[in-house]
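After this come two complexes, each holding chain A, first together with chain B and then together with chain C.
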Partner chain A sequence: MTGAVAVADAPLSAASRLMRLRRIDLIGALVTLATLLGAVVWAFPLYWGLVTTFKPETEIVQPGVQLWPRDFTFENYANVLTQTKIGLWYLNSLITSGAVTIIVVAMAASAGYAISQLQFPGRRFFWAMILASFMVPIPALIVNHFVLMSQFGWVNTLQGVVAPQLIAPVTVIIYKQFFDQMPKDFREAAKMDGANEFQLLFRIYLPMNWGVTTALAIITFIAAWNLFLWPFLAVSSEEKLNVAVGITQVHDAFGVQYGRDLAVAMLAALPVAVVYLLFQRRVTQAIMLSAGIKG
Partner chain B sequence: MSPHAAPHVELRRVTKRYGAFTAISDLSLTVDKGSFTALLGPSGCGKSTLLRMIAGLEPITAGQCFINGAEVTDVDPAKRRIAMVFQSYALYPHMTVRQNIAFSLSIAGASRKEQDARTQEVARILQLEDYLDRRPAELSGGQRQRVAIGRALVRKPEVFLFDEPLSNLDAKLRVQMRLELAKLHAALHSTMIYVTHDQTEAMTLADKIVVLDRGRVAQIGSPLELYNRPANKFVAAFIGSPSMNFFRVGLTAVEEKTASVALPGGRTARVGLGAPPAFAEATVDLGVRPEHLSLVDTHDAEAALSGRIGIVENLGNLTLLYVDTPAGQLIVEGPGDVGSKKGDLVGLKFSAANARLFGADGATL
Partner chain C sequence: MLKSKRAEYFAAAVLMAPFVVIYAVLFVYPTIKMVELSFTNAPLIGPGRWVGIDNYWRLATERLFPTALWNTIYFVILSALPSTLLALFVALGVNRLKGWTQSVVLAAFFLPYILPVSVVFRIWDWMFDHDFGIAQYLIAPLNGGQRLSVFRTVPLFMPMVALVTIWWLMGFNVLLFIAGLRNISTEIYEAARLDGATRWAQFKRITWPLIWPVTVLVLTIQLILQFKIFDQVYLFTQGGYRVDTTMVMVQYIYRQAFQLNKGGLAASASVVLFVLIAVMSVLQYQLLRVRAQR
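Right, the complex of A and B next:
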């Protein structure tokens, strides 16, 4: 009897499983479609901007939607590269962003290590200060920064652009959290092997957290590259501008020319896009880390 | 006894406190040069703390530590000429086996040539030559264990400290690594101090065992001394598996080397005494090991207790019988083909020489 019931049940349960799978499939298809639609909506302006840079100005201002250039031209890029100082701005951005990245990572790792692993008077106070500084929005300090840089004689210099960007409490907090999680056996084993604190940090702790370091370095670099407000205030000479501020100067100097303006914007975004595409996983990880702290 | 009987590591009246909690209390200990000493005890008895105090990883609250005659109480761990193998192995995951082994040499500024030579030598001793360029994640548990030992070995330390190094291995590998450690000690003749909660490891490896109980030394002795002549009930219970059986008995007569006791169930027995009696308790604890209890007929004149078999555990070469008696449940170790089964009524006998009496303070009488 039981066997008969089981036999009768079997096709029924198989059918209901199939139904459920179909339902899940349908939901999956709808979600995929919605995601695809979202991606298209998101990507279209980028595509539109890119295509526009390859159109002559006369074609750009014509009414209607032209999805592909009728007359394909590099004229806009040629204009930007020959008539502006974008090469110099690139270099400035590279120097300032590189310096900010290296100094922030080195300082944050050291500070995070000290607060996490060392016992010294004032450790709790320093930790409280770092947490407190995290609560203060950086733009609120911009006037103070300007006054300070001015007193240093660093206004309109690259070091003046770099210095205020070195305040990175989030990076310290992330490092501290990661160092806190390291089993103490590694530290003790290295201590028994004769390692000092610097060797512990640079030969054990940092290499063992290399993924975090890479992620933090990338996101710090991208943030420094994209920074606008502070470099805009701190620098007045065209030779000291970074790319983010420089592109606004193109518009100011030559008036509205969509093709050229968008070409300069594309060139400015290119390095960040390349960095993102190369280190996509690390960038996502870094954003998650920062979000974890901020959340 | 060790062939080189000179104190190599000495702790003089050391105490370790964590706030109000005392982990180690006024403990003194000497470890002979070239000996293999095991610190044995249950979890929380302070054995790892003691080892870490010798290593310099844990500051000593009071007392002194000497290595090779020199006081090292406040000396940096790296300067004590000791090496430690951690329970977790603590192998640096981002380094290869070669780099792990050579790390201390690299820190000490040894030349690349010397690092390579010594790493190769250690790898040869530990049969790690084929794994030198692998990372720890690519090694088995036993290989990782050998790398951890290699990392200690390469420093040519005066004293090796082992903190439960085999506890992360499976049973089979543990036996194998135990044998390798014994061979290593025989080959190096180095002083080794070994922390474990596993009495089998301590009994098989060590020539001296320090049994710790709540931060104090319960007994120091050779494995057989501890087994045959436990100084107190704690050691008697801790050493031996299955554990010694204990039950309350009444003292009826005391002579110079033996005592007569009244057993639960009404019978009497004679029990050997370690020293001339100097006690006046009416009731004491009697301890007898499972292998010293044997099954007899309930009416046998030698049967000290009788009871019914509750559980039978057949282990192949031997059988453990859990017998419910008026003295409580007693474990009896019999041969593999014991022939008794659950529910059988049996008598239990033991000889005077194999039973121990313990006073109210737990000390062996």
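Right, the complex of A and C next:
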């Protein structure tokens, strides 16, 4: 190792080599410093929003930068919990996001399995359709989704919020890719033992890909929880709102109160933040997968 | 043999059925209906008369739709390219870190990505608040000592919404870049260092050529994503004042369909958006295929 360095650096004098090494370390240190500084800057707005919720309103509107509350208080959260319908919005979000997650994952796993493992007429056609629908912008369909939901009588209902979110071609694509990679031996051995396709899917293919299922379920849930445009259009009464849309209504209904507005926002973010912090690795994996990079 | 074939068809039918039904009802049918609706003068709910290409002609000739199209493109330019390049720099920095420092720093950059848009709006609305926002300490000196409502100042509106969007979504790009950087083997760098390559030469000759395909991927994902902008623009213009000057395409669709009850016109704008994004997606697909073949 030392020998190789000496040979490569032979034309350089010892002094200039030392200088170059030092300069490189300096640049490296600067890059690291800039990255750490960047992370602090990036985290600050979230911190600032969060810390404001623990200050009484009188302290919030005082000039100056108070990085930690002088009078630490939970009154903003108490106000939000008693004065707004956030409990109901939480429940709505939980029901709709849960339903979207369960239906999407179940549907995508079955379709992905059929397309990956079974031979049937129309298989290639369905696969081409799924790949093509990858490129369709869902926001372009809002008008006709609304028309359709009103034909079903589903406007301003939770099932009306759920339905248009069930189009998830990416999830099917990912399942197909994972099932494609399963060794054929499992399949043949199980078939010899008399297992049918449903047993194969539920006893072998799904259990052997729990990681993917978890990752996809988490990312589907987060996306459904955060969705704004469709629930905003589909729901007209306060009782049916989800959290992401509901928190924008607090402002309209009560006028400006910084602490309370931010507290309700933090409550809306809490579940997804907790899910992310608990399942960081899975969230990362799901994002790689949906972008087409193997995670 | 025949029996097992029939069993396979049966299994396939059962497994495909939920997907096919949902797909047909919620995707294929609305898409066809959208095109049909775009040639009528129908209200949002209810029947209409066939008017040919009148709606498309209106989109092209009236003032508002071209404004919305331009604002959308302007926003895409302001957000997609900066967030891609910034993410590359951040990823290069984060990739140098080790262990828990790396996890914490990465989480700081990524956490905003998983927040609902309305939470992002609340946080930044508070940061830039005219009377009590902390950012006014930076803005006032730049504005001759005066506080400034940045989101109510038309020339600043799109850049500011783009800034907030970059803060919100950049973490996604950083993740993809870090995955790309980890795929570059460290041996190449070691060999380069032995040959006395400078840091800049290493970046130019090794990192950049190998990370370039990821850059293209991230940039096209961002282009397509940002074209669908609605939430942030809507939230930051809440109250309805001077919405026209900062209107974007999805907002135009929303306005025509849900506020002015013009289903036909809204559908024609939807078709335009649909086609624009489909074209970009095909280009992305082609780019990725070219990359895969190499």
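The definition used in the following text is that the second predicted complex is superposed on the first by the 260 of 295 C-alpha atoms of A that agree within 3 Å, B and C clash if a C-alpha of one lies under 4 Å from a C-alpha of the other, contacts with A are read in each partner's own complex, and residues count from 1 in each chain.
The rule we apply is simple: a residue touches a chain if its C-beta (ideal position, glycine included) is under 8 Å from a C-beta of that chain, and two chains touch if they have at least 3 such contacts.
On a predicted model such as this, the values are computed, not experimentally measured, just so you know.
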item	value
First, second, both or neither for A:32, with chain B first and chain C second	second
First, second, both or neither for A:217, with chain B first and chain C second	neither
Most chain A residues touched (candidates chain B, chain C)	C
First (chain B), second (chain C), both or neither touched by A:185	first
Partner chain in contact with A:207 - chain B first, chain C second, else both or neither	first
First, second, both or neither for A:194, with chain B first and chain C second	first
Which of chain B and chain C A:100 touches, first, second, both or neither	neither
Touching residues (chain side chain A, partner chain B) in the complex	183, 185-186, 188-195, 199, 204, 207-208, 210
Of chain A, residues touching chain C in the complex	4-5, 8-9, 12, 24, 27-28, 31-32, 34-36, 38-40, 42-43, 45-46, 48-49, 52, 60-61, 65, 103, 106-108, 110-111, 113-115, 118-121, 123, 126, 129, 133-148, 150, 163-164, 166-167, 172, 196-198, 201, 222, 225-226, 228-229, 233, 243-245, 247-248, 251, 258, 261-262, 265-266, 268-269, 272-273, 275-277, 280, 283-284, 287-288, 291-293, 295
Footprint of chain A on chain C - complex, ascending	7-9, 11-16, 18-20, 22-23, 25-27, 29-31, 33-34, 37, 44-45, 90, 92-94, 96-97, 103-105, 107-112, 114-119, 121-124, 126-127, 129, 131-132, 134, 137, 167, 172, 175-176, 179-180, 194-196, 198-199, 214, 217, 221, 224, 227-228, 230-231, 235, 238, 250, 253-254, 257-258, 263, 266-267, 270-271, 273-274, 277-278, 280-282, 285, 288
Residues on chain B engaged by chain A in the complex (per definition of touch)	55-57, 77-78, 82-84, 86-88, 90, 92-94, 103-104, 107-108, 151, 155
